[in-house]
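Okay, got some structures for you below.
Shared between the two complexes below is chain A, which pairs with chain B and chain C, respectively.
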Partner chain A sequence: MKKYIFIFKSELMSNLQYTFNIFVGFIGYLIMLFILFNLYRYLYSDSSEIINGYTMNQMVWYVIFTEILWSVSGGRKFCSKISEDVRGGNIAYNINKPYSYIGYSLASHLGEMFIKAIVYTILAMIMGYLFLGMFPSLSILEILALILISFIAIVISSLLVICIGLLSFRIEDSSPIYWLYSKLILIFGTIFPIEYFPKAIQPILNYSPVYVTTYGPARLFVNFNLDTFLNILLFQLIYLILAYLLCALMYKKGVKNLNVNGG
Partner chain B sequence: MPKEGRFMAIITVKNLSKTFKVKLKEKGLKGSIKSIFKPKYKVVRAVNNISFEVEKGEIIAFIGPNGAGKSTTIKMLTGILYPNKGEVNVLDINPVVNRKKLAYQIGTVFGQKEQLWTHLTPYDNFKFFGAIYDIPEAAVEKKIEEFNEVFELSEFINTPVRNLSLGQRIRCEIVASLIHEPKVLFLDEPTIGLDPVVKENIRTLIKRMNKEYKTTIFLTSHDVGDIEKLCKRVIIINDGKIVLDDSMENLKYHYLNKKIVEVKMREKVNLDNEEGITILKDKGYNLKIEVDITKKSVTDALKLLNPENIVDINISNIPLEDIISTIYKEGI
Partner chain C sequence: MLTAVKNQTRITALSIKYALMREMLNKATFTSNVVFMVLNNASFIIQWVVLFSIRDNIGGYTLKQVLLLWGLAAMTYGVSRFFFAKAFSLSNIINNGKLDSFLVQPKNVLISAITTDVSPSALGDILYGYIILFIYGFSFGTFFLYTLFGILGGLIVTAISVILNSLSFWFQKTDVIAETGNNLMTNFATYPDGIFKGAVKLLLYTLVPVGIATYLPIQVLTEFNLVKLLIVLGFTIIIVLLAFLVFYKGLKRYSSSNLMIARI
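Let's turn to the complex of A and B:
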């Protein structure tokens, strides 16, 4: 475990050079937030109205939270990095080191995203407060529980992205698969909560990655409930194990058939 | 070939083969579309039934032209690629079965691939490598101090790697690969792109590393200087097969028993059809010939030129580069 903490730390130290870029990147996040804020203001006739179980303030906080999780996951760049590692043969240079490639990629990605997570959370909370003039009411313990759930959500997202990236062992380019996956997550759970979708597909979404990576944590943020917390945590643990096993299996099979010519 | 039983083999390779399946595509758009629905593959034999052993503490040159199978062999020795046939054993570990265990015992440096974190300093990088090889922090500190002294790093140990010159970076790459005290070090073109002075520094470092830490070094390089100055034994691979495995001395003096004689003469001499002599350059009074000393001694060749007729003379061995090129082209 110590080596993965060191990988995390080294990546974090490296990325301190890019703090300014993170602030610039936040402008994009802010524009997205502004568009959605206006969309909800249009949907809700007044702030006390409840649509599908959410007040307008809850909807805005919901989307602020899911967008933080989404931005901090940095999936597109991460997926193309894994994919490039496989296709370009870079993976070979990680194979002969005494760590697991999946552990290395995960620790390094989390290290890369750590400062972004802190910067985005602080700035997004300030922006949310400026838009709405209030915070969701949460106790210290609930905030700690939320941090745990959010952390696991990002880990699961990262593992799923690694799985998609590792598809490059089989197919030339995994980016179309990532595009499909990202759009599904974005539509079903990032911009709108699961309750906004037809009742027929809600059970499917409740078992999908949407529940453990975006919807669940954001739902807790706007309306914390111990039962929901435990339920999300249980599902997250199951997803965590399954996503890791899938990654490990894909990696093991892929490496066996690895073709690295030249060099 | 090295005599059996004379040494302790640290690397053993027996009848090793590796094939790759390469996708074929017919030309043009039609070919591209066809390859989606009916892909065709051809099998490329990158390494073909090779066997060799490496002794503990040796610096061995493993060379060959591009595409000969050098990198594929190194990748099989380090557990990156799985062989299709044959056996590999490095430090009594089978890389296929126990890659991770082997990783703790070996080091790798690829001249064309950065392993260091460019935004971090060499010091932080060395600490990082210490951590991934599970070395206690105090031991890593001690090791860094020792390397700092032995390999003279103090001038740039706290400068981010991205600000180092290529020579300093390669120096640090090599030192980083030694943090866990590997018993075998695989160096893949460590001096590529370096100027002659820095090349010499890196060679000194490699020699010192071999002497001080008894590290076995498996070197691939296209730079004849690296091979000539560092290695006592050379294995040449071409087209996936080993075409030569011998000492550097034998390579230089036994396989191609030829001398180059360059002379400036007072009068022209005709050496056409002389057995054992090949004319390389004939510019009237300046002559460059190659003497095959198995057929004609240098003294006899000089007699043909007439010593009294010679104004200036230079006798040299065939450059190693030419010997190697000949072996690449023609085999032994």
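Let's turn to the complex of A and C:
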């Protein structure tokens, strides 16, 4: 575990050099937030109206939270990196190293995203307050529980992205699979909560990655409930184990067939 | 003058053709890139179906009009990323001194530099644009206008990217600014302008010209208006000329890094 903490720390320190990029990148987040804020302000005739169980304020905070998780996951670049490691043969350098490639990629990605997570969360909370003039009411314990759930959500997202990136062992370019996966997460859990979809598909979404990576944590943020927290935590732990096992299996099978030319 | 334009067009077409042939070497990857991009774009239909189940009209648009907006935005994106893919990573070419190989060619440096690569997935965007047009309602007039607006929009988006990326001639780390500017154009283009009010709306027709690249064309496609068509055409000419001006002004500051690279 020590070596992964070291990888995490080195990546974090190296990314401290690029805080300017994080702040500029936040503009992109802010624009998306601004568009969605305008959209929901248009949809809700007044702030007390309830649509599918959510008031306008709850919807805006929901989107603020899911967009943080979405941006901090940084899936597109991460998937390309894993895919490029496989296609370019870089993965071969990791085979004889005293760490697991999955553990290394995960620790390095989390280290890269750590500063971004802090900056985005602080700025997004300020923006949310400026837009709405209120915060969701949460106790210190509830905030700590949310941090835990959000951290696990990002780890699961990262592991799922690693799985998609490792598909490059079979298909040359796994980016198209990532586009589709990311759009499904974006539409079914980031822009809207699950309650916005027909009742028939809600149970499916409740068992999908959407529940543990975006919807669950954001649902808790706008309306904290101990039972929901425990339920999400249980599902997250199951997903965490399954996603890791899937990654390990894909890596093991893929490396067996690896053929690197040159050096 | 005419011969020079003809030669440049021929060279550009050949450059795009060879870049496409290179991408098509692996047919499975090429096809999956195109098909998955169509599916990727189509997934957003779900978003709008959900929104229109709440309200019949969003920002003055019906579901069909929003789909057309999405289709045109995809066309615009596709045209710019397919024909001028390198315009979106121009700052990288400038910063790494990779312009040398284009400077020694007796052809337009900017056009040569931005047409050396194609993005196969952008073909999926163009294809998706036409699928949406067929869903909206096909007629030869609409098809012609839609294609014209797709090209004009693509040129506007490319020109803006060239201007933002050319800032690298003067400043450092402008790639993030260029990327943010490009995302700004894409994000606004996929939402109806009716949901924005006041200063933001003004911004969308000036500083972030999504209004001219996408919203005005949708208005013309819904109800033909020659003045609006000419505004889009005039704006495209101005912004493209401005992009050339900024790039060539910046090029005077360019210094080679003596980087040896092979262009394959």
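By definition in this document, the second predicted complex is superposed on the first by the 263 of 263 C-alpha atoms of A that agree within 3 Å, B and C clash if a C-alpha of one lies under 4 Å from a C-alpha of the other, contacts with A are read in each partner's own complex, and residues count from 1 in each chain.
FYI, a contact is a pair of C-beta atoms (placed from the backbone, for glycine too) under 8 Å apart; a residue touches a chain by one contact, two chains touch by 3 or more.
It should be emphasised that the depicted structure is a prediction, and the values quoted were computed from it without experimental measurement.
In the superposition on chain A, A:M13 makes contact with chain B only, while chain C stays out of contact range.
Contact with neither chain B nor chain C is seen for A:I118 once the two complexes are overlaid on the shared chain. In the superposed model, more residues of chain A are touched by C than by the other of chain B and chain C. Once the two complexes are overlaid on the shared chain, A:L237 sits clear of chain B and of chain C alike.
Look at A:I187: by the touch rule set out above, it reaches chain C but stays clear of chain B. Of the two partner chains placed by superposition, only chain C is touched by A:I171; chain B is not.
In the superposed model, A:I51 makes contact with chain C only, not with chain B. Within the complex formed with chain B, the residues of chain A that make contact are 2-3, 6-7, 10, 13-15, 17, 90, 92-93, 95-99, 256, 258-263. Every residue of chain C that touches chain A in the complex is listed here, in rising order: 26, 28-29, 32-33, 35-37, 39-40, 43-44, 46-47, 50-51, 54-55, 58-59, 121, 173, 176-177, 179-180, 183-184, 187-188, 191, 194-197, 200.
Contacts from chain B toward chain A in the complex involve residues 20-22, 46, 66-67, 71-72, 75, 78-82, 99-100, 102-104, 106, 108, 110, 112-113, 115, 117-120, 124, 127-128, 131-134, 188. On the chain A side of its complex with chain C, the touching residues are 20-21, 24-25, 27-28, 31-32, 34-35, 38-39, 41-43, 51, 171-173, 175-177, 179-180, 183-184, 187-188, 191-192, 196-197.
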